[in-house]
Each structure stands twice: as C-alpha cells, then as structure tokens.
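A, B, C and D are the chain letters, set down in written order, and residue numbers restart from 1 in every chain.
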Amino acid sequence: MFTGNDFLALVAEGLPQTRGTDLAVADWQPGEVTLRLPFNEASIRPGGTISGPTLFSLADIALYGVVLSRIGHVELAVTTNLNINFLRRPEPADLLARARLLKLGTRLAVGEVAIWRDAVDGGPDRAVAHATGTYSIPPGGREG
Amino acid sequence: MFTGNDFLALVAEGLPQTRGTDLAVADWQPGEVTLRLPFNEASIRPGGTISGPTLFSLADIALYGVVLSRIGHVELAVTTNLNINFLRRPEPADLLARARLLKLGTRLAVGEVAIWRDAVDGGPDRAVAHATGTYSIPPGGREG
Amino acid sequence: MFTGNDFLALVAEGLPQTRGTDLAVADWQPGEVTLRLPFNEASIRPGGTISGPTLFSLADIALYGVVLSRIGHVELAVTTNLNINFLRRPEPADLLARARLLKLGTRLAVGEVAIWRDAVDGGPDRAVAHATGTYSIPPGGREG
Amino acid sequence: MFTGNDFLALVAEGLPQTRGTDLAVADWQPGEVTLRLPFNEASIRPGGTISGPTLFSLADIALYGVVLSRIGHVELAVTTNLNINFLRRPEPADLLARARLLKLGTRLAVGEVAIWRDAVDGGPDRAVAHATGTYSIPPGGREG
C-alpha cells in the first residue's frame, strides 16, 4: 500500500520544485487525494497573486499523487498532457488541491484537479484553477 | 428565468446537429444541468461504438446549457475552447451529460461536463468522456 | 503504403458523420495531410456559421489521417484527447484542414491541425479553428 | 513599439520564476517570438530530465511575449487557459521556445508554442513540448 507519507518522501527526493515548500497531504484515499501548499513568498508575483507556474506545478503533483494512490510507486509514469484553466485571481493564501481519477487504464490514467484557497474560497466550487491531465503508465508498471 | 424547456426550444431551432435526436433535459438547476441523449443508430460507428463527434456535440451543448442556466438567453455566447478526454469505449446506450460551472465572469464562463451511459455506467464516476470548455460572453450579455 | 485514397475509403466505411459530405484529400504526405470539406448546408447554424461539431469532426478526421499516413491502417487507434480553439466566426465556405504530426511514439501519437476557409482566409495563418489531439496506438499496431 | 528588451525587463521585474535563469530573446518579430532558456541545474529532476513546471513556465512566458509583441505592455493581460503536450523526454540542454499568434482579438488572444533543445533537436519539428494558450485582454488594453 502506497501512503501519503510514501508520496511526500518520493516528491521530496524527485521533484525539485517542491523544495522548501512544506507541501503536505491533507487527505489521501485511493483515487482521491488532497494536497496542501502553504503560503510561500517565493511563489508570489509582483501585484500580489500566486504565479501560474506555482498553480501548474501543484496541479501536476496532485494528479501524479492520485495516480500513484491507485497503482503504487511507478518510476516512469509521466505526464503526457495537462490542460489548465485559470479561473480567479489567486491572492496569497494556503492552497488546497483535490485530485480525482477519471480513468485508470493499463496504459493511460486521466484525472482532474481543483485548486482553491483554504481560508478564502471555502471549497472546490470556488476554485482558482482547474486542470485535467493524462499520465502514461509504462508496460508492467501497474502493481494492482 | 431561463428554463430547461426554453433551452430545448433554443437548441431545436439553432443547433442542426440535434435534429431528430430526442435530446432531453434530465435535470436543470442554475449552475448544474444534466441532459439525456437517447440512443440513436445514426451516431454509431461500425464496430458499434458511439462516435467522437456525437460525444463532443453533447458535451458542447451541455456546457452551453449550464452557461445559459445562469445568464439566460445570450444569442452570441460562443465556445472559444473545448478540451475533451475520451475515457472508455462507449458502447451504444442512452447517454447522460452533467455540466457544472467552474466560473462565471462578466466576459468568460468555464464549465466541466461528464458523459456516462445511463443504464451501464451508473454515474459520472464511470464516465466515457469528460470535457472542460470556455465560453465568451459578449459585452452587456449577462442578464443577471 | 497507405494512400489518401485508402484513407477516404476507410473513412467512408467507418465514420458515419462524413456521409454525404464529399470530403476529399487535398494533399497527402507521410506526416502532413490536408483535407478539404466542401461547403454543405447541413453544417450551417442559423445565423449562418459553420457549427462547432462540424469543425471538431473535421479536426478529428484530419488528425486520424495524419497518424495513419505514417503508421498505415490500424483499426484500433483511437482519439484519447482533443483540445480545440475556435478562433474566428466561420462563415460558410469550403474548409481546408492541414494536420501535422508533433510526435509518433510506439504507444501515443500527437498532432496539430489548423482549419481555414479556402477562398476566404488564404492559409492556416488565418485559421477559424486550431486543435491538438492525442491518439492511442494499440500494442503491435504500428506497421512501420 | 514594444521590443524584446522591453519584454525581458518586464519579465525580470514581474515573473519570479525567471530569476537567475538567464532567459534571453533569440528572435522578436511582432506575432512570432523565440526565447532561449539556457541550461540550469535547478530545473533538472533526478534521473536527469528537465521538469514539467520548467517547460510549462517557459511556454507560458513565450506565449505572453508573443501577445505583447503585438499589443504592447498590457499589465493585466492574464493567461486563462494553457494546454501542454509533453512529447519527448527532455534531457538537459539549452531550450528554445518559438511562439506564434493564432488569433488576436479585442478580448482574447490565442497562441501556440513549440519548445525544443537547441543543440539536440535541431528545430520545432522535433519538439519536447507543444502548448496552446489563451490570454484575456482587459477592456481598453490594446494599444494597436
């Protein structure tokens, strides 16, 4: 069983963009995962909004997490497509990202993720960004 | 107030691809709309699956519906972007399409839609297709 | 070698939405394919523009063609994702759709397509629609 | 006239993710812009490939550049949608990103961008990533 802590260890080692971010797992169920990205000065643009790459990166990691929550650690699972809609101006705040699997096949997994500001938006219905993504799973990559 | 029947009348008049399809409104709430597309031989590909354009067209109409469910009849609201993921082989069946608004701004509306087979999949968690779309709303177009 | 005529025969048999459309191949090179869709009353919306599903369907077929132009006839190659931007109001005219491959892997192919009005826009730089799409290629599906 | 140097000054001030990256303008024409991102250890994942957020960020900046190359400096032009396909494993190298405008309207601009490794891929036909994006232009925002 691949846990949220397993995922955080993997991310800390493998994804340089999360270094120093205090990324945390808020909820971890197979097929539905919520991550928390605490507010960080480094991700703020002048004018005071969270940068697009910060939101993209969080969406990508949450989608990666929800895929691994079902198939376990697969080193070579890679993002092949990510489509992101920026919905509202993201003033600085802790972010929550909830990812769900739409499909888990033997070769491709598809998921969606909503990102919202924890103390401001109240829930995914008032998201600042929404993304769908596709991951390619290598042959023999699925554990279960 | 713009109702599901108003929408069906508008679609019957304005969208040629729905002619002869018996498209119906299964549920109509402002901001969340579910349409039903009864099984139709004309939308089947040899091999026996529902064609991609049939699914695209249903996704586009459902997203249009959920935008109008909030802003009323705006003649010139047009799709500017639609991203669709085909998730499972859609064997012939009645289709349900549930669309939700992700954002309603003064100039742009963004929504998502899941399409599933009513008697087969049991719900949007087993969708055959999922799409997100953006609609451009003309100046002065919003009623409320 | 899979030719443009092979493709038209395949499409005539397998894709119901092209029936009665006089779809033609304007240019056929491995990795770059241009299709022509003559003007057809059935694809016009009231108000006089070409419908979104007509543009989606043409984009999808052109992308399918450019994949087959390189790998030959693979029955089970299926669209997994299509992202389409509607750029300009498409007044009635013959349409040209030029598709190019961005990547051809053993499992996935990615292409892009621009659609423009032959006598009006003059070329793909003034396209009415632009799409990118992903196709899944079954194991053993590639001929060469 | 808004030049490539104007753009670099704007980016240096406004986009924190470019700090310390030596981002440069390789070519700057109104409507077609090519940026260069020199190789940087900080953007490498363990395993030795360039990270997805690095590619997303470069695509987003190049699309922003090509919009400004036509409309000049518009503070509030914001990305509303970005769809990115990851095409090949991006081994470390200097990256080139060529962005072109697909449409420039009064309210929305749409562009596409190809990213390739300068010394390795030889050109955009062998891109490691391809994206399309939409920018919202505020009322009165266009200079010309």
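FYI, a contact is a pair of C-beta atoms (placed from the backbone, for glycine too) under 8 Å apart; a residue touches a chain by one contact, two chains touch by 3 or more.
The shown structure was predicted, so the numbers you read here are calculated from the model rather than taken from an experiment.
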Once chain A is fitted to chain C on CA atoms, what angle does the rotation have, in steps of 5 degrees?
-> 180
Same or different for chain A and chain D, when you check if over half of the residue numbers at their contact belong to both copies?
-> same
Approximately how many whole Å separate the CA-defined centres of chain B and chain D?
-> 33
Whole-Å distance, chain A centre to chain D centre, using C-alpha means?
-> 23
Chain centres from averaged Cα atoms put chain C and chain D apart, in whole Å, by 27
Going through chain C residue by residue, note those that touch at least 2 other chains and give them in order.
-> 80-81, 83, 85, 134
Contact set on chain B toward chain C in their complex = 13-17, 42-47, 51-54, 56-57, 60, 75, 78-86, 89
Mind listing the chain C positions that touch chain A in their complex?
-> 80-81, 83, 107-108, 134, 136
Touching chain C in the complex: which residues of chain D?
-> 83, 85, 87-88, 102-103, 110, 112, 114, 127, 130, 132, 134
